[in-house]
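Sending over a structure as structure tokens; questions will come in a sec.
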Amino acid sequence: MENKKKDDNNSRRNFLKLGLLAGAGTVAAGTLLASGKKDSGESGEKIKVLTTSGEVMEVDKNFLTLAPVGRVESHQGIPGRKFVMVIDLAKCKNARKCVEACQKGHNLPKGEEFMKVYLLQDSEKTAPYWFPKPCYHCDNPQCVSVCPVGATYKRSDGIVLIDNERCIGCKFCMTGCPYSTRVFAWKPDKEYEINQPYSPEKSVPGVEGTVSKCDFCPDLAREGKLPYCASACPMGVIYFGDIDEDVVTNGTETFKFSELIRDRSGYRYLENLGTRPNVYYLPPVDRQFPVERGLDGLDEETRKRFDNTPFVEKLKEKEIKK
Amino acid sequence: MSDIVGSEKLLREFAPQIERTGKTGKLWIAFLIVVICFGWFALYWQISRGHIVTGMRDNVVWGVYIVNFIFFMGISYAGALISGTLHLFHAEWRKPIIRMAEFITIISLLIGPCFIMLCVGRLDRLPNLILFGRIQSPITWDVIAISTDIIGCILFLYLALLRDLGKLRDFAELKVPAWRKKLYKVLALGYTGTPEQQLRLKKATDVMAGMVIAIAIIVYSVLAWIFSVTLQPGWHSTIFGPYFVIAAVYSGTGVLIVAMYFFRKAYHLEEHITLQHFVNVGVIMLVLGAFFGYFTFSEYLTKWYGSEKNDEQLIQVLLKNYFYLFILSNYVGVLVPLIVVGFKKFRTIRNITIAAGIVVIALWLNRYLIVVPTLETPYLPIEDARETWQHYSATWVEWALTAAGAAMFCLLFTIGSKLIPIVQVSELKEEPIEPGDIYLK
Amino acid sequence: MKFNPKQQLKKIFMKRIQSAIILAFLILAGTSQVYAQDKVDTNAPASTVLRFICTSTSDDSLLLQGTVSVKHDEGSTNLANAPVSFYSVEKDGDSKIGESKTDVHGIAFLKIPSRNKYLRTDQQLLSLKAKYDGSAKYEASEGEFGLKPAKLKVSFYEEDSVRYVKVEGTQLNADGTETSIGAIDVTVGVPKMFSILKIATVSLDSTGIGTAEFPKDIIGDSLGNLTVVASIEENDIFGNVKGSADNTWGLKKHLISPDRPSRELWTPIAPLWMIITLIIMLAGVWGHYVYAIVQLVMIKKSSAKVVKES
């Protein structure tokens, strides 16, 4: 019974995560079909989707959970909700699972990242820290103000979305955002060639010559699931929830948002710009491990990114002195 | 200053320009067409392979195309402002050069927006700007402003041209193909110089001259506000509106002087465009240059003196990576014209033209230094391993299209001068003080 | 033709070389195919894992959940549309309780009444098993779970203007009687959009009753209604038990953020002053254009008049 207990313990933890597994395409949790034969419940109409292992497979249309929300409907927010994210900088160690899960979930080419992780150091004597940065879905979004065609819009649930069928690619929103959040599709990537109806809530498939960004995964929220980044983080750094409900969770721990911010002294980045972001940060107090840990295990190109930061330069100096 | 000659004489003098093109002219046009074809190829390259073939990446999203756009729009306002202001001041000496100024306005207004279109990711969705335009966006203001401006400047040019068109229509000795004669007839609108017609023309031109000045200022300020309403550290400046307007007119006078020089040489206009014209426009350039230097100095002094981190970072990048360009654009570009035109000793046609050429280059660099370094120093540091994503450097596609734009400018100018005499052939007389008085044919 | 021994040797040699090359090629092709097959794995069925958990729910039933997942290189993925059979482990083999197919999330559900006739072990636990029989592509797997059916009752009361939540735990014995559960920790929470917010941990005393103060600042729906869920998780004897009840002690949920203004820089409709300014400016400018054009038209008209007169 003991072994079974442990198994079930893990099973419970995984059970919560099973439903939140990062999965490409619209098949919930990337399930596979046990039988290939036509069964009751199958409509016979197949749609091509990507599984978590990167294979393209055909799934019966009825196995898709919710149909992707259309462009007009995507202007309406999920009723009665206003989303907020809390990121715990004390726990982030640059595992980059959030980045990868988001890229997989949104079919992004390798160089494009909706969630970015920076190595920041506020001043010479203050401690450096890893800084995951999604889109902040500001309450005073500069990007939305400057869009000439209304391709980007803010909904009632606080989420700022982009309609890539209307975007003309003028990139004004990219200069309007002070947090360097938005990315541009500079070339026609093969990841964009998915046979799937376009929905601004999924930001999939990407469109060449248009702008895209983190969308807080409203398609997952409609199913009661956390965004890809929040589910994928091994340290539970990213908390997500409804600010009006005053609850945020990272999949395993649930807190009252107001208490979390009060007790851990949460703050918003570049508050003085007045953009009123909806992502709060918990300062890196009582860090669980040293910052250098975040540089381990990275591939060459990712490691090179941080070469110009003062922290890495100091590390190099120490190495040379040795 | 040339005397006001009998209109027939002027027409006879300029008829050859319009009637035929010499060998050098043909070679010149051929060369321009080659450059433009290369530009078309670069455009095809960009459209088929995506914007990745340019140097722009996620941080520096606006590069050489936008710089060209601002530059060409800037030149256009110079033409409008100069011809408009000189008209309202009844400056007699403006007559030989006013046509050139108006041409510069129209042509650069046609070319400038083309560069914006090169920068846009989805050209097939341009109609969205009109169908779904949001009036809170500075780009919508710009679209409205530029369309208004183009119409206004064409109207103004046309009003100024009307009398010349009438002359060309009536000049029986003109040896041009029949379609051109018909063209002149249609465009001349039956203007015969009756007192009533003259009065109407005067009223319309006065109104449009005033309008053109107002529009030039508004439109270029709107362009400046596209930058200054964003939160970017180098752009969020309160003086961008007037700064850009001054810089625009400054660059325009430079281009005007260069154009004067080349047309004077090509069409042997030594009698009509004299040193005095160069000096007069040069003085305008000097005054504007002083203002430009003042605005630039004020801008950078404020940024440098205050201790704000982002301003500091920007100044550092400017002085470290762009040092020589910075000196050329903001020091040489201001001091050289000041010295050349300021001291009587240096005032020769060639010197002034060289100074004007330096002004043009310096101002293009000034726009580049406004657009690109700010985007290279955002609030969040650029942590990217790819070199092209950290620093912007324009690729051959962008340079090819820039050259094509300049070539198109020259080409349209040349063709325009073939259709219509580059110097105004109809007379100007001092305008009487009473509005009731009219001037003679 | 002369019989040249050298030539013949050469021929044999060439033949040998040729066959060696062909053999080598075949070997290479064969092995690569074998390796490829390993990767594609079309013949060998993939191994699966069946996680089986049971929960006692407040409507006197047991919810059996079997989740089938397939292991592969990058982790595991759930299997949809897989038939899972549920059994009770009896003395003389397994007696089938029921069967259901896993849904799109890979979970198969089956609900059975708590009061049932299935065999209990010495400790009065039901011994249940779930089996996935496998298919050509996937291996079979099974999982076991043992639990004693129990029930949690949630109720609320107020005393001296302090609000309390009361939890009563009872267990269902083999003979159909209900007795109380003692010395167990029960988590009391309020389900929210993505998870359950824990509001108290209650210890059941020897009579199976536990109380805790109900917090004042839980936000409910727009009318203040709350659903409160009490649960025992992964207990050795009782497995999982859930019970719930509703109350109206929640704060009314309203948009903490201000009501969305209708005219801002970032709204679909522009602020009024912007629209008015734009109209005035456009009218002013284009009005002048119209004036100039009218003058031109009059010029044209007057020329026609002159022509007529002359």
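Going in written order, the chains are labelled A, B and C, and every chain counts its residues from 1.
We adopt the following convention: a residue touches a chain if its C-beta (ideal position, glycine included) is under 8 Å from a C-beta of that chain, and two chains touch if they have at least 3 such contacts.
The structure presented is a predicted model; accordingly, all values stated were derived computationally and were not measured.
K.L.:
Average the C-alpha coordinates of each chain, average all protein C-alpha coordinates together, and give the chain whose average is closest to the overall one.
P.N.:
That would be chain A.
K.L.:
Between B-C and A-C, which chain pair is linked by more C-beta pairs in contact?
P.N.:
Ranking B-C and A-C by C-beta contacts puts A-C first.
K.L.:
Could you state the distance in Å from the CA-based centre of chain A to that of chain B?
P.N.:
Their C-alpha centroids are separated by 46 Å.
K.L.:
Could you state the distance in Å from the CA-based centre of chain B to that of chain C?
P.N.:
That gives a centre separation of 61 Å.
K.L.:
Nearest whole angstrom, what separates the Cα centre of chain A from the Cα centre of chain C?
P.N.:
Measuring from centre to centre gives 17 Å for this pair.
K.L.:
Counting only residues that touch at least 2 other chains, which ones in chain C make the list?
P.N.:
Answer for chain C, listing residues that touch two or more other chains: 265-266, 268.
K.L.:
Check each residue of chain A and list the ones that touch at least two other chains.
P.N.:
Counting only residues that touch two or more other chains, chain A contributes 145, 150.
K.L.:
Please list all residues of chain B that touch 2 or more other chains.
P.N.:
Chain B, residues with two or more chain partners: 134, 136.
K.L.:
Quick one: in the complex, what on chain C touches chain A?
P.N.:
For this pair, the touching residues of chain C are 51, 53, 67-70, 72-75, 77-83, 102, 104-106, 135, 137-138, 144-146, 189, 192-198, 217, 219, 222, 233-234, 236, 253-257, 260, 264-268.
K.L.:
Looking at the complex, which residues from chain B come into contact with chain A?
P.N.:
Per the touch definition, chain B meets chain A at residues 49-52, 56-59, 61-62, 119-122, 125-126, 128-129, 131-134, 136-140, 143, 226, 229-232, 235, 375, 378-386.
K.L.:
In the complex, go through chain A and note every residue touching chain C.
P.N.:
Against chain C, chain A makes touches at 1, 4-5, 7-9, 11-12, 14-15, 18-19, 21, 27-35, 39, 41, 51-53, 63, 65, 80-82, 139-141, 144-145, 150, 153-154, 156, 158, 221, 224-226, 240-247, 249, 251, 254-256.
K.L.:
Residues of chain C touching chain B in their complex?
P.N.:
By the definition above, chain C touches chain B via 265-266, 268, 270-271, 274-275, 278, 281-282, 285-286, 288-289, 291-293, 295-296, 298-300, 302-304, 306-307.
K.L.:
Which residues of chain B touch chain C in the complex?
P.N.:
Residue positions touching the partner: 134-136, 144, 148, 151-152, 155, 158-159, 162, 189-192, 194, 196-197, 200-201, 203-205, 207-208, 210-211, 214-215, 218.
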